[in-house]
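One structure, as structure tokens, below. Some questions next.
By written order: A, B and C. Residues from 1 in each chain.
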């Protein structure tokens, strides 16, 4: 087990991109269950360390601890990734909590065409498109390790529970519009009087 | 101390070259004695791990544990010899038909982040990076002479339908926000009746 | 009147939410009916500056008008023609609000500026050459063709949206012409050939517009009976006093 742990760490270290479970199975010649266990250990071991394990749908990847963001940035003489716009952060939140999710579902939640936000997020590598298993022509969107790097977290599991986060926004019973309200809206002096509605209609 | 330890590990991780004590002092803003102690701890911590700390004459460096060299070699070989993915072929095609081209332009055309594909193509010697004459910090990409030879041509202009296709590759624009597009199809005299209904109508 | 700045909203639901919250209302059908006019006013402004967005807003505008109309004509059964029951607008709004809350949290994460970095492997051995034997110039030709196709699609998107908005307007005008040619029209006749719910709503909207313009009046004798649309005559229930001028008439 210690050996597998070491092998996985070596592979993650030399890989230029996230590694999937399938790839790890192939190159370590071990079974999925053992690899998952080793990855779990690796992730918890590293939490306070300089190098952490990122765990996103596109795979596993080693990265610097986001607590050291400033120092690493200065060393690399790099800029931090640009901040997100309102529209993209909205789309990202929906994907983060509902992934994998289709464009249609995202648009149903937002009530607005989201093509350009999705494109912007894809271009920045914060999300990726995967085939929809239930629809040969459709796609689903999910977040990437690049997203975790940007947000400075190691997994979406680190995000607060959605239900708790939005606890103050409850879906209440929808009150029916009653006749009182309808009547209130009908002022005989207003133009709408041309619509002849009998008394019964309002009761 | 734990913090310094983490910082040093982060810096060693992202550095492609050995780091000297002097560099570590500079970027962590700590004293030599503390850094040495942290490095010692790091070295002993990592002894059995997949990534070890090397203490070479020219500095400190993280590297894969030599015990895993066989697995690492297999992985790197496969990375180089496997067939190119559809995405990577797409990036290669865009570079071939529109070189020299920047990463941002490639991504604007594809609508998808292309860092992994570019890395794979560079690694395999199919494309190369050249300085961008218009941007001191940026680079442009072009296919290598070896790759042209491999395809049996001497220049990209010999690619199929080159002239016709090159003319068609336009960088997509973001949608127009002003009224220019709107005016094209919308006669201002035929306003949407929906929005002509005023408050009084319904109350 | 609260002035609303154009284009500061992430779509019609965002606009509705802020209209409701501005007035410190809860998200209910009644609140929606209450802010309908302001919503429509915004859409009117939006249409002038960005017609590509208008289709999304028109869809919600139609829903709002149905809610508002039901307050006046409780017997109105627009939704009965739905193929599938549609999610209630209040519920939709609340769900959107939940995700806005989640987005706020994401924004905070983003604003911390705490990011991770990965490493890029570099090679000590300079340029080696590992082509993929399957990739030929023909492969590149096919691949660039696919890229060009998707670029074309992207290019056509805003135009398609404008077309959609225009078609809604055209339907409204067609209907206007049709109604003007007849003395009396039954509501049921107007909607019996409707292909989808959208068309029914548009029919109803157009009707409201015509009533407003004093071109027609609407009569419903009993609850749940058909609505009859007739050319407007002054002698009906209209009070004789002068009404405030309505300058909106086209």
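In this text, a residue touches a chain if its C-beta (ideal position, glycine included) is under 8 Å from a C-beta of that chain, and two chains touch if they have at least 3 such contacts.
Note that the structure is predicted; figures quoted are calculated from it, not measured.
When each chain is reduced to the average of its Cα atoms, C sits farthest from chain B.
Distance from per-chain Cα centroids to the pooled protein Cα centroid is smallest for A.
Here the CA centre of chain A is 21 Å from the CA centre of chain B. In whole angstrom, the spacing between the mean C-alpha positions of chain B and chain C is 39.
Centroids built from CA atoms put chain C at 26 Å from chain A.
Shared contact sites, meaning residues of chain C that touch two or more other chains, fall at 71-72, 117-120, 154, 157, 211-212, 246.
Shown for chain B are the residues in touch with two or more other chains, namely 10, 13-14, 111, 119, 123, 175, 200-202.
By the touch criterion stated above, chain C contacts chain A in their complex at residues 10-14, 26, 28-30, 33, 53, 55-56, 59-60, 67, 70-75, 88, 90-92, 94-103, 105-107, 109-121, 154, 157, 161, 211-212, 214, 217-223, 232, 236-239, 243, 246. Across the complex, chain B is touched by residues 7, 36-37, 40-41, 43-44, 47-52, 54, 58, 61-62, 65, 68-69, 71-72, 117-120, 122-123, 127-132, 134-141, 143-148, 150-151, 154-155, 157-159, 162-163, 165-166, 168-169, 172-173, 176, 205-206, 208-209, 211-212, 244, 246, 248, 250 of chain C. Those residues of chain A that touch chain C in the complex are listed here as 13-16, 52, 54, 61-67, 69, 72-73, 76, 78, 80-81, 83-84, 86-87, 89-90, 92-94, 96-97, 109-113, 115, 119, 145, 148-153, 159-160, 162, 165-166, 168-172, 174-177, 179, 181-182, 185-186, 188-189, 191-198, 200-202.
Of all residues in chain A, those touching chain B in their complex are 2-3, 5-17, 27-28, 48-51, 62, 64-65, 67-68, 71-72, 74-76, 116, 119, 122-125, 128-129, 146, 185-187, 190-192.
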